[in-house]
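To keep things simple, chains are lettered A, B and C as they appear, and every chain counts its residues starting from 1.
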Amino acid sequence: MINTKEKSGSRRTLEKFMKNPTAVFGVVVLLVMFIMAIFAGQIATHDPLEINPGDRLMAPGPAHWFGTDRMGRDVFSRVVYGSRISLIVGFSVVTLTSIFGTFLGLVSGYFKRLDEVIMRILDGLMAFPGLILMIMIMAVLGRSLVNVIITLAIVYVPRMARVVRGAVLVQKEQTYVEAARAIGAGPMRILFVHIPRNCIAPIIIQGTMIFAYVVLAESALSFLGVGMPPETPSWGVVISSGKVFLRRAPWISFFSGIAISLCVLALNSIGDGLRDVLDPRLNRKG
Amino acid sequence: MTKTFTTMVMAIIALAVFSLPAWATETPVTGGVLKIAIDSDPPTLDVHSTRATLAVYVAGNVYEGLYAFTRKGEIKPMLASGMPDISADKLTYTIPLRREIKFHNGKAMTSADVKASLDRWGKVASYGKQLFAHIESVTVKDDYTVVITLKEQWGTLMSSLAMLLGGPVIYPEEICTQYPAKPSAEYIGTGPYMFVEWRPNDHITLKRFDGYKALDTASDGYTGRKTAYLDQLVFYGISEEPVRVNGVEGGEYDFADFVPSDEYERLKDEKNLRTYISPPRAWFVFVLNTKFGPTKNKKVRQAMLATLDVKGTMAAGYGDEIFWRVDPSLALKEQVWHSTAGEAAYNQNNIEKAKTLLKEAGYNGEKIVWMAGPLEYNLSLAAKSNMKKAGLNIDLQSMEWATLLSTRKNPELWHAFSSGFTAKADPSLTTAMNLKYGAGWDNPEAQALFNNFCTEPEFESRYAILGKFQELVYSEVPYIKVGDYKNLRLSSNKVHGFANELYLYFFNVWKDK
Amino acid sequence: MALVLLVVSITIFIVMHLLPGDPAAIMLGPEATNEDIAVLKAEMGLDKPVWIQFVDWTGRIVRGDLGNSIFFQNRSVPDVIADHLEATLLLTLFSLGLATVIGIFSGVVAASTHESIYDRGFMLLTSMAVAIPNFWLGLMLVLGFAIMIPILPAAGYSPLSQGVWSCLSYLVLPSITLAAGAVALIARMTRACMLDVLRNDYIRTAKAKGVRQSFVIFKHALRNAIIPVVTVIGMSFANLMGGAVVTESIFNIPGVGRLLIKSVFTRDYPVIEGVVLYIAIAWTLINLMVDIIYTLIDPRLEY
């Protein structure tokens, strides 16, 4: 009974989503980035890591569409491969925060005593300016793709946990929970089966937002020199490598920044669209 | 005929008039304040207590030692009145002092001050401690004679006495007794400029010392006549490069050190600015672990050496060619110690030879862990590409310095790291001859050569020993020298007389009104 | 509040001592040997076991003694932070001022011209402002207004004591960079709240009574809409006081954010601890102030 209702519900949701032009734009752009990431090998014109001291700092032209950087590497290829890094980091962090954040949120929303403890710790973590916490954790772990993912996951889990907790608090009072208890469902079953089904919307929405934050955060960390290793074709690394050459070779920083902006814009549009569609009653001020 | 004569006279007058301005700028102007932007506040101005070059930039105008170096690195007397009288057994150095020297507080300098300063230096300064291990005593013969007695023959004594960086500059006796161990908070010396005030993170002010007793020999580096043309020198510690550059362009500062070399193209054509390419201060080096891992095998190290293409590496990793130099020597070209010993092994760029060496070594693609800090990373990356072509499996890791230095403590964890070796007055003081550096280089021949280099007092013999040491470095390859690197300095065109040597100093410098 | 500070202090201490490397190594430079570093480390008391250092440190913190900086010539940590405060404070006030004024104004206009082309343009611009990485925006502003059209300085800072105009000229580009994100948030929040309020009955009543359009908007609607906007402004303020780390880095402004980054790289432990505590305290105080402002604006709320 519940299943059929959900199915037509999700189809309706999808149709409603598709009516929103900005959201559709977002999906299209994200799809393009996806394709760029998967087919980077075919789309890029050069090896993004290949050093060519003879060709350093060349302006955009037929050989190098976005010019070259200080080591003679082709900027266009680096920007194309950069999509891979951003998408991999984004997906990984969103997955991790969804799993751990949801778990923490469920547990703390349902069990009052645990709530006190968990929320205090998460509040403490959130009182830190996020970037600073990230810088320090990266300094401890060292620069690598995996460590960036771990660091960002640690910093964004509290956000997901809070959102899920809020949803759980609301759901706890719903009639279906009482009904489930009445037919003998134990707290574990309620907590890990019934309630989550009804929290999917906020998780998805928060997930999209976190994806956007993560793309920005990874680029900021790489820009500051504490994120991805310096030769990696990450958008943040490329912007950083162009920083000292702003006068001589502005193309290095320029194109990679456009890439990040488009990607984040797309993600935000999708997030806004999802929010409109999945929970229009959700306070738009949040 | 009178007409041609008049024209000639007029031409001569015109010539004279038009060259006047040129003459005018070449005559030193006394007066004015020089504002200098350096890249941070020095840790202290007490030269005995620090090896930071920043300290010397400021303190080099304030203090003097018994002897000093010329531009080339020859040793001449400064506070001493002549070269020392050396006993036949080469163990006793009797040094006569000049009698007219006054400290900035008006006190006359005597041998008591010299002895107190040398003793303090021997206790407080790292170079001092090293040297005093070989010194029996420092005694006072009379008010203007100091005697240094060695335990054994020691070749670096004279250059140590002339050294400014972390060197035995002369303080008044009272300062030495008041600050026997901690860095002094008062700065009283004998130099052409004296200390006025230090506002931390803001500025340090020096002013002309009217009681300065200049030598009347020609100026040459830190020797000879030192004239304080300017009324004041003000040093600003500005850690942001663009601020230093913009400051000089805008007129807030008159001089800036460490300007980004990529700005050179733009700045050299500016009419109201003057650019200086500093002499190289150091060279980039890849230090190899001779005790653990694949680099333990000498042939692997020689293979790595063989792949090095200095030009390509420096261009990709450091920048425009004007800012670096290809040179095999462990000392700089500007120094008397420069040598081309072993140069056949330098800058080979021979991938085939490397492959052969690796085969002979039985190298099987084992991972070589290589750590590089932010400054050297691009350089290492560029070198790595050649090494990969030879078949070396390089795991290049970028780390911040703090992490690198911490990991370096465990030689089992790494096989190579990138660094820079700064040139010093005496090669025995450089890291290039420091056998304990990195993982340590346990080579008996190197140790013997180093010991001989230190004890031998005659320059010719020392030079020969240094040559042998350099050859040994190129055959055993405890480290790989890349190239010398230079920096850019900037001043307004009103500044004249700047000597553009390794360390900044501002005596003999003047500024147009 | 005390509990939050405690959690923050302990976390910082733990993370710091997990950081590989130590200030002794940085002080001596890359050419020192491991023995040299070990000697200095012992002199600095850094070779004692971590739990002893923790006890020492808690003892000092409790007495309010934050210690001395290792790299700033032994100046006391509060002095070092104070040195860097002026820049951050001015930058914060300037950006926040810009963001608040432009944000509220454009939000109100967007709300009152709902669904018009202005409103759509507004939504697009604010979306972009939030999507653009602020460090890249900073670089592009420098490219545009300091390099291509050289009317503003590319980087640096001039203290207030050396002239107001000169000081402001250095702050223009960094403030715009920082304000971008905050403007979008404040503007959107204003618009959303205004829209909500404008739909309310009492507004319709006032309109029915014949009160002029703009009067209605500004007096009644804004007053009621302002609370969530104040929250966002408060949050932005707290964020900015934290030192806008990246912006200070690009524009080389000697503020608290740069101080923190520099201290992390040089492992200047006392300063790191001091700055993080300062940020946590500033954050908490600002949140408190925002709550107080609530009660002033809306006497219905009681505290």
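Following the convention adopted for this analysis, contacts are C-beta pairs under 8 Å (C-beta built on N, C-alpha and C of every residue); 3 or more make two chains touch, one makes a residue touch a chain.
Since this is a predicted model, take the numbers as computed values, not measurements.
Here the chain at the heart of the structure, going by C-alpha means, is C.
Counted by C-beta pairs in contact, the busier of A-C and B-C is A-C. With centres set at the average Cα position, the gap from chain A to chain B is 49 Å. Chain A and chain C have Cα centroids lying 23 Å from one another.
Between the CA-based centres of chain B and chain C the separation comes to 41 Å, rounded to the whole angstrom.
In chain A, 139, 247 are the positions where the chain touches two or more neighbouring chains simultaneously. Contact of a single residue of chain B with at least two other chains is seen at positions 400, 402-403. Each of the following residues of chain C touches two or more other chains: 19-20. Those residues of chain C lying in contact with chain B across their complex are 19-22, 25-27, 29-31, 33-37, 72-73, 75, 83, 153-157, 252, 262, 265-267.
Of all the residues in chain A, the ones that touch chain B in their complex are 51, 53, 56, 70-72, 139, 142-143, 225-226, 229-231, 244-245, 247-248. On the side of chain B, the complex with chain A involves touching residues 260, 262-263, 265-266, 312, 315-317, 319, 374, 377-378, 381-382, 385, 397-400, 402-403. Contacts from chain B toward chain C in the complex involve residues 41, 43-44, 51, 126, 200-201, 239-240, 242-243, 246-247, 373, 400-409, 419-422, 431, 434, 436-437.
Per the touch definition, chain A reaches chain C in the complex via residues 22, 120-121, 123-125, 127-129, 131-133, 135-137, 139-140, 212, 216, 219-220, 223-224, 236, 239, 242-243, 246-247, 250, 253-254, 256-257, 260-262, 264-265, 268-269, 272, 284-285.
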